[in-house]
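The data blocks that follow each hold one structure.
Heads up, the next two complexes both have subunit A, just with different partners, subunit B and then subunit C.
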Partner chain A sequence: MNRIEQLFQRKDKNVLNIYFTAGYPGLNDTEDIILSLEKAGVDLVEVGMPYSDPLADGPTIQESGTAALENGMTLQLLFEQLAAVRKKTEMPLIMMGYFNQVMQYGEKAFFEKVAEVGVDGLILPDLPLFEYENHYKDLVESLGLAVSFLITPQTEPERIRKIDDLTHGFIYMVSSSSITGAKSEITDTQIAYFNRINDMHLKHKRLIGFGISNQQTFETACQYANGAIIGSAYIKALKNNPNVAECTAEFVKMVKG
Partner chain B sequence: MIAVDERGYYGEFGGAYIPEMLWPNVQELRENYLKFMAEPDFQREFQSLLRDYVGRPTPLYLAKRLSEHFGVTIYLKREDLCHTGAHKINNTVGQILMAKRLGKTRIIAETGAGQHGVATATVCALMGLECIVYMGEVDIERQAPNVARMKMLGAEVRPATSGSQTLKDATNEAIRDWINNPVDTHYIIGSVVGPHPYPDMVARFQSVISEEIKWQLEEHTGKDYPDAVIACGVVAATPQELLPFPQRYPGAPDRGRSGG
Partner chain C sequence: MRLIAVEAAGEGIHSGKSAATSVLGTKGVIHGSRTLLMQTADGQIVEPHSISAGLDYPGIGPLHAHLISSGRAEAISITDEESLEAALFLSRREGIIPALESAHALSALRVMKYEPTDVLVLCLSGRGDKDLATYMKHL
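What follows is the complex of A and B.
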């Protein structure tokens, strides 16, 4: 059982997952960010692989990715950074990125490297279920990696069941029909969707992401799922205060209240 | 020719590498595009628009001096004589009919040089549908006349300000728009790119060009098959014109710049 699955065994409420873009604000901030998030009491960290065309992400994350690439971030360097961080923490780590990056690196080599550096899970929003199941699932599972798939308000129940079967770790519930960072509050329509998913009694724990940015939205998300994922709001905080330790402590305190 | 399989693959290439948020839209299209295209009503409307609105068939012209110069017989297929000045409109006419049958009321598109944007704005004006065209900020400056044409046709041209501010970024913005508007919007892609079924659908709408070449060439020469077909201009648009002729498709996911 990997660290993500262990986490959900001991904690199934108010799980806080924070996303950051590797290489932003500074090229070598990865370790500082992860250790600061751990110190601040975050449960799970999502490490964004900076990418030029992040289709599912909004402007905040795209800008941070562009800046990180300009800073010189590469997958090679990120793997080195993560291997070093893993010696210092048992924090569950997830890498998030797009399938082009995986293809460029070489699928098999990528998955093996992810496992080798001690990363526990992956989120690849544009990896189709069919391709995953038929080409990568056996390798990924044999490496003990947890791939989390996304569901949205438009995902049909039958497909949600399929996703529940293929997912490891947790299901990533996209809060609305949108890209990341687009909304600032949670609407009744979204709550109806959260309730509908709750009533399906899925096997996996669920984290709500997209549009979670502060204490209020975090608490609301936690009422309807096992926790939430915050990305854009944290990137914005780092943009305003690039002192990683200080910014992270304040941000997580603001979210958890 | 390598035909597309049920999953959208052309041999080892193809597929639909899209975020889950786009899956219902693409699935809806995948389940319906062949069915709609096979309907007699659809074909009647499509063929009549191609003839009376686009101006098809376009001439096949024997370029005598060019042929003499190279010592081979060269015919020009005059797609430049289509309404709006390019073959792009064959596809946008087909897709606007598709969008209407899917009950969509809002159209988005990406454009680089602006020809596809103009062709999309034109069919939206024809059908009275809202039209938003994403275009890289750099391209907007470079292609001011086409921007003006789109605006005259009632389209809104939205600048893509991220990345290289060109076609790739306009495509990103259009896809994001589609993610944010999954129910009422159809995305008219202009080339044989994107997730399945787009490459196959665009190729089918553009195959009118080679269908015409076959009978026109037979009229001219008694032979319905050219020794070679050369397509120039936007490379991305070339394979579709050759559909009934043997060829290979490019078509893997678009590879952007990334760390690694």
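What follows is the complex of A and C.
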């Protein structure tokens, strides 16, 4: 069982997953950010592989990705950084990116490298279920990696069941039909969707992401799922205060209240 | 039947300002399709260039990529300037203002060789009224 599955065995409420873009604000901030997030009491860290065409992401994450690429971030460097971080922490780590990055690295080589450096899970929003199931699932499972698939308010129940079968770790519940980015509140329509999913009694734990940005939205998300994922709001905080340790401590305190 | 695909060379295939994907692209996944696309070795998408908005894209449709890769279709490329000349030529001769995208195909007529008995079908896929601002700049 990998670190993500272990986490959900011992904790099923108020799980806080924080996303950051690797290479932002500084090229070599990866270690500092992950260790600061751990110190601040975050449960799970999602490491964004900066990409030129981040389909699911809003302006904040897009800008951080562009800056990270300009800083010189590459997959090879990120793997080196993560291998070094893994020697210092048992924090569950997830890599998030887009399938073309995986394909150009070489799918098999990529999955093997992810496992080798001690990363526990993957989120690849544009990897179709069919492709995963027929081409990569056996390898990914044999390496002990947990792949999280996304569901949205438009996902058909049949597909949600399929995702529940294929997932290891947790299911990523996209809070609304939009891109990533902070929103001011969670609407009644979203809550109806959260309830609908709750009523399906899925096997896997669920984290709500997209639009979660502060204590209020985090608490609401936690009422309807096992926890939440915050990305853009943290990146904005880092933009305003690039002192990673200080910024991270303040930000996580703000979210957890 | 020969199939001929006409791509946007932009300011020239190797000028750094081009969208000639069949020459400059490699296999990858973009916007949900596995196709040929312009990218770095790390899989980051390279910014393309074409005077026509519809061709200013780092990839091509997967069906086109397949036809070209398998050799069923031939690909040739036409520059911004050549497409403009062809568009203005058709507008003046026939009163038909083609879209800049289609003007690339029109321009290909000048560079290809035909037999007198050949039957040609050219896809004039779009209207040029959307491109008038560009045409007026180059009149």
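Note that the second predicted complex is superposed on the first by the 256 of 257 C-alpha atoms of A that agree within 3 Å, B and C clash if a C-alpha of one lies under 4 Å from a C-alpha of the other, contacts with A are read in each partner's own complex, and residues count from 1 in each chain.
To be clear about the criterion, a contact is a pair of C-beta atoms (placed from the backbone, for glycine too) under 8 Å apart; a residue touches a chain by one contact, two chains touch by 3 or more.
Note that this is a predicted model, so its numbers are computed, not measured.
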| item | value |
| --- | --- |
| Side-by-side fit of subunit B and subunit C on subunit A, or clash | clash |
| Which of subunit B and subunit C A:M254 touches, first, second, both or neither | neither |
| Subunit C versus subunit B, contacts on subunit A by residue | B |
| Touching partner for A:L166 - first (subunit B), second (subunit C), both, neither | neither |
| Subunit B versus subunit C as contact partner of A:L78, first or second or both or neither | first |
| Touched partner set for A:L143, first subunit B, second subunit C, both or neither | neither |
| First (subunit B), second (subunit C), both or neither touched by A:L69 | both |
| Which superposed partner A:A56 touches (first subunit B, second subunit C, both, neither) | first |
| Candidates 1-9, 19-27 or 73-81 of subunit B: the single one with C-alpha clashes against subunit C | 73-81 |
| Subunit B/subunit C common contact set on subunit A | 51-53, 55, 69, 74-75, 98-101, 103-105, 126 |
| Interfacial residue positions of subunit B with respect to subunit A in the complex | 7, 15-21, 23-24, 162-163, 168, 172, 175-176, 179-183, 253-260 |
| Complex interface listing, subunit C residues touching subunit A | 27-32, 37, 39, 41-45 |
| Interface residues, subunit A side, partner subunit B - complex | 22-23, 49-53, 55-56, 58-59, 62-63, 66, 68-69, 73-78, 97-101, 103-105, 125-128, 130-131, 149-152, 154-156, 159, 174, 177-179, 182 |
| Residues of subunit A touching subunit C in the complex | 51-53, 55, 69, 74-75, 98-105, 126 |
